[in-house]
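Below are two complexes that have chain A in common, paired first with chain B and then with chain C.
Then we have the complex of A and B:
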């Protein structure tokens, strides 16, 4: 069989797989839009192959890789139907991601992406995959990955705030805006991060902690990575800068819960906080930077009463103990961090639901108490005048209350139990939200009818 | 171990060259442009123009927040230049060739209007059609 015939045969196979997997109603939103998108891609590839000369290896290769990624996508969508993830969290998170990842397209002035979700093995599977700008795609598909083992650990899922930052950054207009913000406020005025040489000087300085020096000497001994070729052969400067940006976005989107999840997850994989990755700067620098930003926003300044205060203090103490004491980790000045926080806050405030609303003690306290009493935390109160009342609560407040309850030392609750309670709370809160929306719509309809009469 | 060790060369230029050609043919065939498959080249060229407008060409797939892929020292060789350098140059040249002194944002607005018109099966003026066709043909020729 010739290459072209083989690829056309694979198109036919993929068409059958598409029929088998996506013509059924998979997932909460159904699969029709996914089906139409994948079918359009397949039709284009097939059309291109039919018009390709058998000897044109470049064009055949282009179609081969387009088929490969379409095949992988369809199989991923099929797997997402297994539903092995926390769907109450996902439903809330989807609302945020669709609001912030809406972009202008040739079809519509603003079009949200299609989102699908699946679980993967390994803690490192937390990820949001956004299809590249240059791809055989009409509508962008966003895939959110959760670690299978952490299915119900909604408190840790706040780490996805960082990942959504990468998704936002992939849209050209946002990339332009955010690059400007970052360069003006954080990178250009900074003496340690303003360019490759400055980073290398800081990283390889004699003041670096021992763990960093040992790691760098290992890179030298085993892979011949040294200050001269560090950014040529090993790390990606732009990727490091993007990591800082996404940390800011995660913090502003999920508040203190994000900071707590980041500390737990990142230090669990690299306890020293000093190692560098090809795409990631040292964890310790990221955590220290975020603590300054959180303090600047004032998350730790909310005044709680004597009953809740010790729990909140225990939470913040657990965060502050993750702060690296060695000043080598403090790469950005307080002023640079404050300015960047303010500027990104301004950017996110243009997107509905993107910013974590500053919580009040009155909102958080009852949720914490419910969790401590092992009750799913929801917007509920009972008064003698009105009887039982339900009200809306942002799911991110539920998560913050979860972290506070998990940190309390007076009435210790296992971390997995707190997560399960919060997951149930978010699910019940969704029902409350729908009930309130239904009631409001009914009232509006009645008012309209009355006005007509 | 995988059965093949494919080394995928960057094919962005080839892809955009092909899409530019297809889009130039859609200008004369609006009925084809409105089909779902044709919307893929239209949308890709639209995104490319947006990347150019905002000088926002970072378009790589990244690993997740905890990704700790070990560095083997045998990773893919780094490209000698970024994927977009030739494409960006070709866009600048074609904008200059077709639109002359018109500010690039204005030219891009006009091209995007044509792409929107084609994608949504809406009328596009004769002058805009001519400009768009000239531009996409020129871009197709200039891009190596």
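Then we have the complex of A and C:
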């Protein structure tokens, strides 16, 4: 068979697979948009192929890769199942990611991406794929990966704030602005992180903690990595910087819950906090930096009453415990962290819902009490005078309340139970949201009618 | 045992000694009952999974076969709000309530179908007793006794719970039921504590 015919045959196969995906429910919004987007891409590739000369190997090769990436996407869609991830969390998270990742395209001045959700693997599976190469695509498809094992662990899902940071950074439109923010506020004025050499000097300094020195000597022994080739043959300086940026974005998007999730997830893989990765700076540096940022924002300054205060203090104590005491981990000054936090806050405030709204004690306290009493946390109260009353609650407040309740030592509740209570609460809050929206729409309609009369 | 009136139910909801959360509408409170809404999960017996219900398949110590039997017994559907679920005639579906319930030690709940739904053929297969001290969602065993399918949407008020005061409250440390702190329906163990009456089936 000739190459062109073979690829056209693959187009036909792909069309059949695409039809088969419609056997399943793979998203809350149904399958139409995914189907139409994938079908449009397939038709474009087919059209290109039909117009390609058999001898044009470069064009045939391009079509081959386009078909490959489309097949991978369709298979992902087929593997996604509503029952394998927490849809109440996903629904809320989608609203944020769609708002943040809306971008101008040749078709529309602002086009939100289509969000697709997949669950696989375990603790380190959190990821967001942004489709870097979008030839033949009309709409960007964001694929959010949740760990299959952590289906109900909504408190840990806040780590996706970091992943959405990577997604935002991959958009050329935002990359320039964010790089400028980092350069101006965090990197250039810093003596430890201003360039490759400075980082290497800091890493290999005699003041580095023993655990860091052990990792570096292992790198030397196993891969011959030394100060001279650290950034040439092993680590990526830009990736490290991007990690810090995404941590700031995660914190500003999910508040204290993000910091707690990051500590739990990262320290579980590497308790010393000193290990260096190819794309990741030491965990201890990230945690120390985020604690300063959280304190600067004032998350730990909310004044709670005597009943809730001990629980909140227990939460923050558990966070401060994760702070590395060795000053080697403090790679940025307080001033640099504050300035960067303010600048990224300014950037995110341009996107609706992206910034975590500063909670009040009045919002958090009833949610914490509900969880401690083993009731899903929702904006609901019942009094004999007024009957049932409902309040809008940002799902990120529910998660913060969950972390506070999980840290309380007075009435200990298993972590998995707290997560399930919060997940159930987020689902119930959606029902309250529907109810409030319906009521408002009805009132608006009545007012309009009255005005007409 | 005496049934709780609307006023007493409201008082107990307000002082927190009874929890049914959240109640979305004051109309959910009847004269001596509270309406319950459909939750967002449906468990349906999977066609072809089992030839019959066999108590002997429930073993005291779970092994591959018994776990497989349990896992394959039902097909689980997540049904978000505003999405339909079609209940066909003769089908039994396990559905959680949207509300979370905490019954105090001196009350017992009885769950039945709302009469308007029962008239359409939708029934709760048995009047479910909710034990004193229970915490969690309530599982509704829905069956369509009519002749045509019924579309259900999460959030609809399908059932109602009436509450009765016990002559003597249960003790705090009394054994919790196998369904305590449930977030969604699951099959029960029909052989639990009755193994002495069940012959051992050889594989």
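Here, the second predicted complex is superposed on the first by the 435 of 453 C-alpha atoms of A that agree within 3 Å, B and C clash if a C-alpha of one lies under 4 Å from a C-alpha of the other, contacts with A are read in each partner's own complex, and residues count from 1 in each chain.
The definition used in the following text is that contacts are C-beta pairs under 8 Å (C-beta built on N, C-alpha and C of every residue); 3 or more make two chains touch, one makes a residue touch a chain.
Because the structure is predicted, anything quoted here is derived from the model rather than measured.
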Room on chain A for both chain B and chain C (clash or fit): fit
Which of chain B and chain C A:256 touches, first, second, both or neither: neither
Touching partner for A:273 - first (chain B), second (chain C), both, neither: neither
Chain A residues touched - chain C or chain B, whichever exceeds: B
For chain A as apex, the angle formed with chain B and chain C - C-alpha centres, to the nearest 10 degrees: 130
Touching partner for A:281 - first (chain B), second (chain C), both, neither: neither
Touching partner for A:376 - first (chain B), second (chain C), both, neither: second
Contacts of A:138 with chain B and chain C, given as first, second, both or neither: first
Partner chain(s) touched by A:113 [first = chain B, second = chain C, both, neither]: neither
First, second, both or neither for A:427, with chain B first and chain C second: second
First (chain B), second (chain C), both or neither touched by A:384: second
Distance of closest approach, chain C and chain B, by C-alpha atoms in Å: 27
Overlapping contact positions on chain A, where the chain C interface meets the chain B interface: none
In the complex with chain C, residue positions of chain A that touch it: 28, 82-83, 87, 91, 370, 373-376, 378, 380, 382-384, 387-388, 390, 417, 420, 423-424, 427-428, 430-432, 434-435
Chain A - residues contacting chain B, complex: 36, 39-41, 43-44, 47-48, 58-59, 61-62, 65, 104-107, 123-127, 129, 132-139, 145, 159, 162-163, 166, 169-170, 172-173, 175-177, 179, 219, 222-224, 232-234, 238-239, 242, 246, 262, 265-266, 269-270, 277-280
Complex contacts: residues of chain B adjacent to chain A: 8, 11-12, 14-16, 18, 35-44, 46-48, 50-51, 53-56, 58-69, 71, 73, 78, 112, 115-116, 118-120
Contacting residues of chain C [partner chain A, same complex]: 10-11, 13-14, 16, 19, 21-26, 28-29, 37, 40, 76-78, 80-83, 98, 100, 102, 135, 137, 154-155, 181, 183
